[in-house]
Amino acid sequence: MTGGREDGPEFDHPTEKCGVVGVSLSDREAALPTYYALYALQHRGQESAGIVSHDGFQQHQHVGMGLVGDAFDEADVDALHGSAAIGHVRYPTAGSVDKSCAQPFSVSFKGGALGLSHNGNLVNADDVREELAASGHAFTSDGDTEVIAHDLARNLLEADLVRAVKETMSRIHGSYSLTIMHDDTVLGVRDPLGNRPLVLGELDDGYILASESAAIDTVGGELVRDVKPGELVVLHEDGTGYDSYQLVEEPNTAHCFFEYVYFARPDSVIDEELVYEVRRELGRHLWREAGVESDVVMPVPDSGRAFASGYAEQAQSEGEGVEFAEGLMKNRYVGRTFIMPTQEARERAVRLKLNPIKSTVEDRAVTIIDDSIVRGTTSGQLVDLVREAGASEVHVRIGAPPINAPCYMGIDMATRDELIASDKTAEEIAEEIGADSLSYLSLDAVTDAIGKSEADLCAGCVTGEYPYDVAGEASDRDAERPAIDAAGDD
Amino acid sequence: MTGGREDGPEFDHPTEKCGVVGVSLSDREAALPTYYALYALQHRGQESAGIVSHDGFQQHQHVGMGLVGDAFDEADVDALHGSAAIGHVRYPTAGSVDKSCAQPFSVSFKGGALGLSHNGNLVNADDVREELAASGHAFTSDGDTEVIAHDLARNLLEADLVRAVKETMSRIHGSYSLTIMHDDTVLGVRDPLGNRPLVLGELDDGYILASESAAIDTVGGELVRDVKPGELVVLHEDGTGYDSYQLVEEPNTAHCFFEYVYFARPDSVIDEELVYEVRRELGRHLWREAGVESDVVMPVPDSGRAFASGYAEQAQSEGEGVEFAEGLMKNRYVGRTFIMPTQEARERAVRLKLNPIKSTVEDRAVTIIDDSIVRGTTSGQLVDLVREAGASEVHVRIGAPPINAPCYMGIDMATRDELIASDKTAEEIAEEIGADSLSYLSLDAVTDAIGKSEADLCAGCVTGEYPYDVAGEASDRDAERPAIDAAGDD
Amino acid sequence: MTGGREDGPEFDHPTEKCGVVGVSLSDREAALPTYYALYALQHRGQESAGIVSHDGFQQHQHVGMGLVGDAFDEADVDALHGSAAIGHVRYPTAGSVDKSCAQPFSVSFKGGALGLSHNGNLVNADDVREELAASGHAFTSDGDTEVIAHDLARNLLEADLVRAVKETMSRIHGSYSLTIMHDDTVLGVRDPLGNRPLVLGELDDGYILASESAAIDTVGGELVRDVKPGELVVLHEDGTGYDSYQLVEEPNTAHCFFEYVYFARPDSVIDEELVYEVRRELGRHLWREAGVESDVVMPVPDSGRAFASGYAEQAQSEGEGVEFAEGLMKNRYVGRTFIMPTQEARERAVRLKLNPIKSTVEDRAVTIIDDSIVRGTTSGQLVDLVREAGASEVHVRIGAPPINAPCYMGIDMATRDELIASDKTAEEIAEEIGADSLSYLSLDAVTDAIGKSEADLCAGCVTGEYPYDVAGEASDRDAERPAIDAAGDD
Amino acid sequence: MTGGREDGPEFDHPTEKCGVVGVSLSDREAALPTYYALYALQHRGQESAGIVSHDGFQQHQHVGMGLVGDAFDEADVDALHGSAAIGHVRYPTAGSVDKSCAQPFSVSFKGGALGLSHNGNLVNADDVREELAASGHAFTSDGDTEVIAHDLARNLLEADLVRAVKETMSRIHGSYSLTIMHDDTVLGVRDPLGNRPLVLGELDDGYILASESAAIDTVGGELVRDVKPGELVVLHEDGTGYDSYQLVEEPNTAHCFFEYVYFARPDSVIDEELVYEVRRELGRHLWREAGVESDVVMPVPDSGRAFASGYAEQAQSEGEGVEFAEGLMKNRYVGRTFIMPTQEARERAVRLKLNPIKSTVEDRAVTIIDDSIVRGTTSGQLVDLVREAGASEVHVRIGAPPINAPCYMGIDMATRDELIASDKTAEEIAEEIGADSLSYLSLDAVTDAIGKSEADLCAGCVTGEYPYDVAGEASDRDAERPAIDAAGDD
């Protein structure tokens, strides 16, 4: 299928950090639909999966390591009683992977039970944590999520739900899409700039909040709309409706454009745009801006497929006699762990994952389409692979602008030094990866395909200008927001 | 990517049972290339993986459960000393999954050390086992492989290697592709009808035997040729060459045609035919034999993709204005284990795996392409899914003939009762699955695309006539071969 | 060492079901002393161990399977913040052993967080559970503990702590010693008849509740006194003191006499009596009542050692020239799991555990001392073992009365049919186990050694008369108490 | 029970490194008796357990981590076919504990299958390993055992069994008791000085070799005799007898005296002496040499019990009015793993393991008896414990001479710097541990109780003079033997 990270992080791609879900039903147990929704969001995190539910009297929880299917067995789901639940899938990290950071985070405090799932990256987590620690709060992890949960719990001891959430929103800064459960009330909150996605859906007997609309499809629901930046949505405990509170309002948004390009599933709808069609449209733009004559157009599977199909279609519609074919076979079993003892073996790693289909490339001029280049190492190996299989020419076309700068909004990108485009032109990159030519898409084409102005998108990784003041980085907004701590997490 | 079982068994598809590897090098340790080759054959078995090596003095072995990447860590591979090794990946079964059946099977006997990897299904395993047990052999599993190993070990106490293998081949009947290691000598053997594939490749410093040529590509080798039916290939211990012994000769072969249609990787070459091109050619035949007018042609991902691409290409080349697009998003994380407590949930299972892309199917006449139908349950759910997403017409085209009969040659197919085509016409099936029309490809088109006569293929699952006398089934050969025990394994 | 079940359940002995702990300190974290106290109570339960703590804001918990040392690692204990904690060790069962039944049971409910550890067996658990379930409570286990916790939590939504506990005590019937934590307040409760033990101790900086005083010693505390039957003890959150509430008063108690004979550690003090001395005194009584001339007195290790030492001392003090020596070597590694495939092997099982020391028994008249006989199978094997090693005479003396009837108060005893003494005289038993003579101690001697009247002890397993009305059993009290459900648990 | 390390390494005691078993039966499977024999030797090693068997055609093996009961389940034992087997239990180490070092070590080589279990420590393992490695042997561990196995396997390619063993014995130096299986022939070998024990026993239907006679008792066999130093015993494959080959003869032996004092089970017989009686005799000598007046004599459980019983008996027989009682309750569940985060807690560790029984020690003069002192830290804590419990005087008596020097013969003792007796007199040690007096037993008393001359015992840890030339240490023999590598293992 076209699109995103369907089978684990692609080589040399940014990594999304989380997916969140919240469900409130009238009568039925909420755990099973939450479980299915997490399944649909598995591409947003493979390290751990968890669900917290509430049955009106008490809270239940289960968190497990690994994929959703491994983290839960049937007895685990059956024990999660209650018609309210929230869920979470967490991203894979290189370093310490343990259960203490897994989510949803739950607190059993004097004001009841609180559960919280977070997608994003907080700005001032350390400041808030220090302040809470000073007043006696014990933290079990160094994650942002626990900070939000403790702050909100503290506020709940003194204020009603809506005012407590508003108070917490006034204290935390950064990007966040949250699903929260206080006792048996499920909430959704999106940060004032709406950096990470969050949508609201309706079921026959209740409502659902999720990072992507595909999760709503999977449980047979209907997409209602995106949760608005700065909005709090409170699902009714009886599943009959929801209330909306616009707690903060900003003149512009800062939606992450990379959700359209790579992170989101192709079958998800963001702000009424189907991601698959956005990608095909990006492919069409790519031909128009940077088309090159060749015998065959082939995607890098699977991330380049929708782009390549739009590119080839546009070329063919303009009378170009180019074939669209698969030129690389992907070994879907190459997981996170395989052994590469030597440098020489490491270079052969791409070969474990991708093998050329000779009939597509031998003695032919080839155009390879992908959605992005991060470090460029894989691109060079792909070009080599295709040349060794007999290609006479190898052109590379990328369906997004060059990534020049790190992300501070919750994406695991790379350091600036590692980003091949941070100090090289397209020509220099083409030479480095051994391609006959290389072109990126313009940012204008991206805003055009998405249908939003640049002022409403976060393209910090392309422009180096961020919607928040990041220490040492330029801002594309008013400078009055607090600086983001680049070391932040979650 | 187009084609086979890249990410675990597809819904409602037959299941290949094994992949085998053998490597003999001049100087280098053979375990690591064997490990990589098994990675490339992972689609042929996900239950367990194992390697047995020999360093000239002693044998080493490691077998682990699960995928290759899970079954081995670096220390495991490092401990497998020696320039000779064989490997095995084993299929997933519903029932008892334990280490005692994992392969390669190894025996430390008075004549030295023997290792054996097997792909296929033996005819008369029970007879041979009983005879060996009567003479005092203790068996640790009920698998065919241990029977072959013990028989061969017994013969090796009395004869040289070639004669011992020939003696064993005269006693065992059925389908088998074997890689064997006696002390540090690596052998490859293929049954007289060549039912399962086995190829020979050359490396810079040695030789490799593997179920598919893609495994040779992965370790940077060159395909030499297919091992011939009835042939024994003995690799030289010093990696400098190999000897061939044609131990049995038969007038015809019985290659499994389903290797071309579904099992083998698209980038593998069987008998000089690239599987991807065979599948595209089958797609072209499918348009020619059974093309139907529609707005869009879409594959069932991933098994139908190469077929759909050939079908659409042929249609377009004949001036048909049909679009080729993805209409179903595949969730690659839906593994073997997920929870489906109720019947209603079970019906929604396909939804966990596949989600329609609305822009492709809404208000359009759609042709769905796949390679085969076994039970038909999934097909019906797919048609429903696409209709619910708004398709105005749904046509189904299948790139192979109807499967009518079970397989006794080592494939986990289904019982005759479960096979939807065993007692229904295409029209009846179309009605049952809710399609506006359904067509299969003819067997003639298959033999044409593969380039072999029907007499040299095993198409028992289509014709109900088998290359061996199976009790209660018709034969397409001389009836003098022994009957296959339908309960046999491995 | 003399005494009880120090290294796992002895062969053919009753099984204690639980040990409980509660700790409240002024400043220090309570988890580590709780952990050590559980270590000291390990003989009361080896199936699982758990601790729940509270840091004033939120509750923390960890429960693990197996021994305390296996259930917790250092990080687990470190994460249990707060100066209040309760703990639990649970008994080994033959059947289903899973985490859902492990304790302390914790509930996060709208009135805060509740933790509960239970030793005993409830009478009317099913009635209370049904009533709570009818009002919407979801239960995750079929244990008594969850029932008490839910009932108490419900009461806490409507009353203060003391009244809520009193209300719960009025609803539950049976034997129970409980440690409870509501938010950061630690309580201890003992049932009105005081069937299971519970003591209060003082630390430098706080207070501790525990099943036995040895746990107080282990953490360097001083025993204050036994918690009284029907008493609620509330530890101050700041560790400076405690309050006592005598919520129910009964004219008599029903202390389990078997705690003195077998369950409790020899170094524990119950009602101001040191268990080791009680056992030596029982041994002295045993010589006086049933002394027999022999060359050597030897204990069944380890349960018979204190009895044997008192018996031999009394004999020697009366001028009897008997030696006191070890005659059986105990293999301390024979755990719960070892393989005994055949009946013949099963008979040899006792040999795995105990091996005669020839110099003690060969050609000598031997008196073997133990504390009790349940089924009698092991006794027979011991007598055989000692005879095979050359003993000329084998006499058996038991430091408690014959066990005739089951226990309904939380001990895993045996069914009446299995109890060898239920239908046999001492002479018949002697014959069955092959001893030259066998004598038990009288109940009078037991009450004398313990220093309590029979009216204040539960000796139901000896007399068949119980402190509660058990369906089908006689009562030694007023018949107005509710019947105990023999199937009850925990 | 009196004696050794029945429940895991005692605090502050030397650690035995291994136990070995070999069994050859006429008809029955040998694995189960081997398993039971390992159970009986569990005190000699708790890290791993393994069995290798041979059924006449092929070899089978299973090795698992932990105790025998954890390392094997019934299926594991059932799969170990054949009437010949050897087994091994391995000691616990602080450092790297992995399966690659577990034994029996097995090699499948061109001359058949070899299995080998080793107790002892080789002198020149590194030299032999280097030589073998130079001729192409790949080693998977750095243990002595693999070196012996490879050397023997190499010799077996060129000589018959007896000559091959003799050749290997001429090449390896150090202490070793071995059980070996070549194909289905079981052998036992003891080094020329007989440092570690090895005994031969007879079963109804075969023969058994084991480190201690208690293992023979456990399987219902009769002790035949000790295997002689320098002797090779070959069990007949049909279980009907054995052959003896005295391959090396030395004028003296070097039996480890600590086997009698601590390592061996009290119920084992070494050179016709029952260990329990030797220990009681040591206790009697101790009273005679260093008796001190006190109210009560109490053992350190369990290692001091036999000594204390002999000591008290001797005192009483001389008219001394001393009581013999238990004064310390041992918590048998304190295993290898428990948490001691702080120094203060570490000091309290002994309290987790031992708790005073007040009635024994309060207001009384106490004599504590143990078998040895290594570092002295525990002794000091015990004295403190007993004093805190109210003892008016605390005397310590040790049933063996002071340990001054390390062991190079396969025992995990301590470094010379750590040994408290290496630079302190008994008076100084008494002061350091806070005892009113402290006395050791003389070496003469030890040789007297054991019944051997000092010339036939290894007492290197007492005298600092070793039976082999250890670099930097004095020798009590001819200096022509090769130096022992102090870093050696196994």
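As written, the chain order gives the labels A, B, C and D, with residue 1 at the start of each chain.
The definition used in the following text is that a contact is a pair of C-beta atoms (placed from the backbone, for glycine too) under 8 Å apart; a residue touches a chain by one contact, two chains touch by 3 or more.
Just so we're on the same page, UniProt names per chain: A, B, C, D = Amidophosphoribosyltransferase.
Quick caveat: nothing in here was measured; it's all calculated off a predicted structure.
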Per Cα centroids, the chain farthest from chain A: D
Geometric centre distance via CA averages, chain C-chain B, whole Å: 60
Averaged-CA centre spacing for the pair chain D and chain C, given as whole angstrom: 36
Interchain centroid distance [CA atoms averaged], chain A/chain C, Å: 55
Contacts with two or more other chains, residues of chain C listed in rising order: none
Graph class of chain-chain contacts, one of line, ring, star, complete, other: ring
Contact pairs between chains, per stated definition: A-B, A-C, B-D, C-D
Complex contacts: residues of chain D adjacent to chain C: 1-3, 6-8, 32, 35-36, 39-40, 42-43, 46, 67-70, 72-74, 77-78, 214, 217-218, 220, 265-267, 274, 276-277, 301-302, 305-306, 309, 313, 323-326, 328-339, 341, 345, 348, 351-352, 355-360
Touch list for chain A against partner chain C, complex: 55-60, 79, 81-82, 100, 106-113, 136-138, 140, 150, 153, 183
